[in-house]
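Below are two complexes that have chain A in common, paired first with chain B and then with chain C.
Let's turn to the complex of A and B:
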């Protein structure tokens, strides 16, 4: 038996075919990743090529204008900051408290199931639906000032809260029971255990989730379109009830302009927005790596 | 103004109460085990008794004060000179309010000048009454809370009960939001369906809300072309891009990539998911759409439009890639290692193992991920607003301009028309359909994922 069955020419051919198919499959996988990343690179390169020339000090400090040379992003950026402030002040405490309740205290009953189901669904509801809610409730029922950061912030807070709740619950769940038992063991009450021991340990995880949720809110346009934050605002807003625009909305408005000069402005505004988002995501990753404890 | 001041004063009083309560409780301490609660809890208890009742009264008063001011102003002799016309009247009143807050404000109606001074007096009077009420309640609450400070008093239990109340309220916000969404959509859509029957809306094939007037109003609200455009762009073209690319990326990342490669590639892929949709929309309109149009012209299409279903769908697909990839990643990771090890031990190559063992085993999870991706794609707004176009076409031609549900919602609600016309109300009906469809997709997908995980645990 010097020539076993697996050494026949036919078997060798079959083996070669299978190995070739293996290589093809692997190349296909790598190709998919490379293609996806090529899109990313193409997008970034085009934005940089079009927009880098428009990034100067007067662009960063100016407000919207009908002439592309005069227009700047500071008005919109300030609107974004005010809106994000309202969102954070509302969504963060509410989200964290709700996460604590659901993870540590909630009894097992139908009501709590309903809360969980609605939180999971809210996280997946299209953002434009939140815009419709904001329009119907905050503007047409409560008569809050149209196109103001306070309405935008409220709407985005409702959208961001489920994200914070979900990441908060995961962070709280990751704190090992031994921490809680040690606290009980020295006589802490349930509330004391949660607020003095579990919450501080879960905080890095919660903050990471919050930053990611806020980054998503910062890039959101559709719901704000619904509540009318598309006004032409030539001066930066002074407070949360003044009419204002936000960065992504400014991008959208400029992209509609016919004047060629606005192509550069739009791309430059996109670069500004992406830098903000990248910084936020970078911070989230840094926090996760620095403070995350592996139990 | 005064009302805001009261609010700050209440918070200040609460702070004082906290220190007073804690200080008082400390005096009671004589030796180990002599008190039920730590002094801090007595401080919190007293502060809560000051702040909470006062805030309740404050909220109630700020709600009723405008009505009271209005009533008192109407009783004033100056108000008799106001015009009877409701719109003109409210304009003057609004300006008078502005003047009362800020004497330097510029106004159009001279009459509001005369009203400003009495109005300011009335507002001040009622604000002072409100301030007095709040102060009485705060001090009464504080006094009651103070009398309860005893060594054996279970202040901690009380405070913790209050904390639980706050926690419960916070978690009810999610239900309130869901309820608010459903209520507002159903209410406004209900008004719309009074004018247009749901059947005409769901089965009609002609969509031109701009022409909707008079008796044949229902004929212009046939939403089928919108549903078709949404499905064609979001569920067909986008998925043709996202499923192969996302799935193969996930397979490569989980099965072939080395640990360090995976550590770098995965976050880069996730950047795609973090880019705002408005940026994708601009990219689609600026770069992809002209390319698609030129391509259409080169294969012999007559007058291809810049706005095409293909451009919007392609870019949307790219946006969804990381989403599909991470869902597939989870699904593949959930398959027990023994299954793929068994296949490899029998002599199958890696790709054979993936195709014959791993993917079939992970299929339910992958399908659920795709459903979630579809639900995200059909709810996506900015890309289609910027790249897909407004024409409601029922066509299978990817180079044709096509419109979607989300595009029409934006179109119908931006611009200034009166709120209760069928045109604006139809946006809420579309929103309701979108909400229901995404909800059903999500619920089914989440259930499949859950059951699939349980099956392998």
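Let's turn to the complex of A and C:
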């Protein structure tokens, strides 16, 4: 307490200014969070108020109908599940393999740089364009059944794969090089090093990225419009080649109806979709914690 | 005098355009510890890593010249780097156990090389490797614990045990004690002294005292050149080269 420099009015003012700027930043950050959370809460409150009344067993087990009282969400939900299944089965292995190849095996040259840029671009392409691509390739050229989860899943897989590749590469890159050296040092081959040591450590990050990509695909509507998944489907799809709808599409269709009863259905379907998304994000957190290795 | 275990002739190592090792020739014998000393960036680690082709894993690294293990060119097309690294094991600067159990850390190498038939034999290999590394008594009751939960010195001995488990002929150590405290360092040095009877050991070290304590031969590297190589006692007491003398007397480095 002896240094008089800290006691001058000038020094005190400077300290006070620094503390004030710190308080300002905290307030600003808190404000940003409160504002965005407020909108989420507003959405939830409105949806629950409008939709909770319509959420009953017949709504959860029924399919689309011209009468709002008869209409249910199960057909669309099953369509979503089947579509997500196709997407996951295609996008996950392809995305992970591509990420492993690019990160661990690919030579460093211009072609690989080009591939990298392309994948980053692909992840940013507007989804409606993937829809057009799906329409042109899967329906018009390959003649796969229109409005079906298989075509929806293929289209969404194209969209999700780049997301998985990018998050997968980041997760692989984050594995410390010392682990690779340790494996090489006792004579593990490159494939053994990658699959026995690098991949298990990168798995939590890969899974998190995958689920975030899947959650985005689950909420996607635009590309599915293009491939005809906006059809009126009154029975739940029996398999991936049957015509079907998906949850966000059902919400879109109902919100377009004139009948008042569909307003409640729209909100109720939104609640179902949000529960789906919440469950997926919860799963992402659970998987990350379960597979995370600490050292 | 028997044949040297490792013979290097006119070895150059490049990282891209940069020449990191310039025309190094050296003979490394069985049954003794050979120390590589020199200031940071002198190429001693680079040269060490070319002895088991670890440099292959670095993009742009290139080795020219000849390195013979028991008379066999390790850079020949017929030499599989994977098999070579089982014969020439490596211990790294920072202890890097796999984030798996202690048992798995040891068993991994023998398993991928198919050294054990059945669980009983694997148990035996694990016990033998840990015993040789002086770690068995400390960990025998908790083999299923994570290798990463051990102390730094124990982790490094675990890494040595992991290298021993695949029955190498040569063990390369890249500053194995630089992340350890003096007591753990002393344990490792004792261990190196015991292991030299079974393996050819090459150790890179920053500490001249360590080189003097553990090695029988010392090679002094400077700016990518092998400046002086001889009996450790001779290098430290009557160095032939002025650069060696300046370094060991602390004038630079």
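In this section, the second predicted complex is superposed on the first by the 255 of 295 C-alpha atoms of A that agree within 3 Å, B and C clash if a C-alpha of one lies under 4 Å from a C-alpha of the other, contacts with A are read in each partner's own complex, and residues count from 1 in each chain.
Going forward, a contact is a pair of C-beta atoms (placed from the backbone, for glycine too) under 8 Å apart; a residue touches a chain by one contact, two chains touch by 3 or more.
Quick caveat, the model's predicted, so the values are computed rather than measured.
Taken together in the superposed arrangement on chain A, chain B and chain C fit without clashing.
By the touch criterion defined above, A:46 reaches chain B but does not reach chain C. Once the two complexes are overlaid on the shared chain, A:188 sits against chain C while remaining clear of chain B. By the touch criterion stated above, A:108 is placed in contact with chain C alone, chain B being left untouched. Within the superposed three-chain model, A:224 lies out of touch with both chain B and chain C [touch as defined at top]. Contacts of A:82 after superposition on the shared chain: neither chain B nor chain C is touched. Touched residues of chain A, counted separately for chain B and chain C, are more numerous for B. In the superposed model, A:201 lies in contact with chain C only, and not with chain B. Once the two complexes are overlaid on the shared chain, A:178 sits against chain C while remaining clear of chain B. Touch criterion met: A:165 reaches chain B, while chain C stays clear of it.
Taking the two complexes aligned on chain A, the least Cα distance separating chain B from chain C is 7 Å. Once both structures are placed on chain A, chain A residues 189 are touched by chain B and, in the other complex, by chain C.
Touching chain B in their complex are the following residues of chain A: 18-19, 21-22, 24-26, 28-33, 35-37, 39-40, 42-43, 46-47, 50, 93-95, 97-98, 100-102, 105-106, 114-115, 118-122, 124-130, 132-133, 135-137, 140, 158, 161-162, 165, 189-191, 215-216, 218-222, 225-226, 228, 230, 248-249, 251-252, 255, 263, 266-267, 270, 273-274, 277, 281, 285.
Residue ranges of chain C in contact with chain A, taken from their complex: 52, 54, 57, 59, 82-86, 89-92, 94, 96-99, 108-109, 112-113, 146, 148, 159, 162-163, 165-166. Looking at the complex, you find that chain B touches chain A at residues 156, 160, 163-164, 166-168, 170-175, 177-178, 180-181, 184-185, 187-188, 244-249, 251-253, 255-256, 265, 267-269, 271-272, 274-283, 285-287, 318, 321-322, 349-352, 354-355, 372, 375-376, 378-382, 385-386, 406, 409-410, 413-414, 419, 427-428, 431, 434-435, 438-439, 442-443, 446. Those residues of chain A that touch chain C in the shared complex are 107-108, 176, 178-189, 192, 196-197, 201, 293-295.
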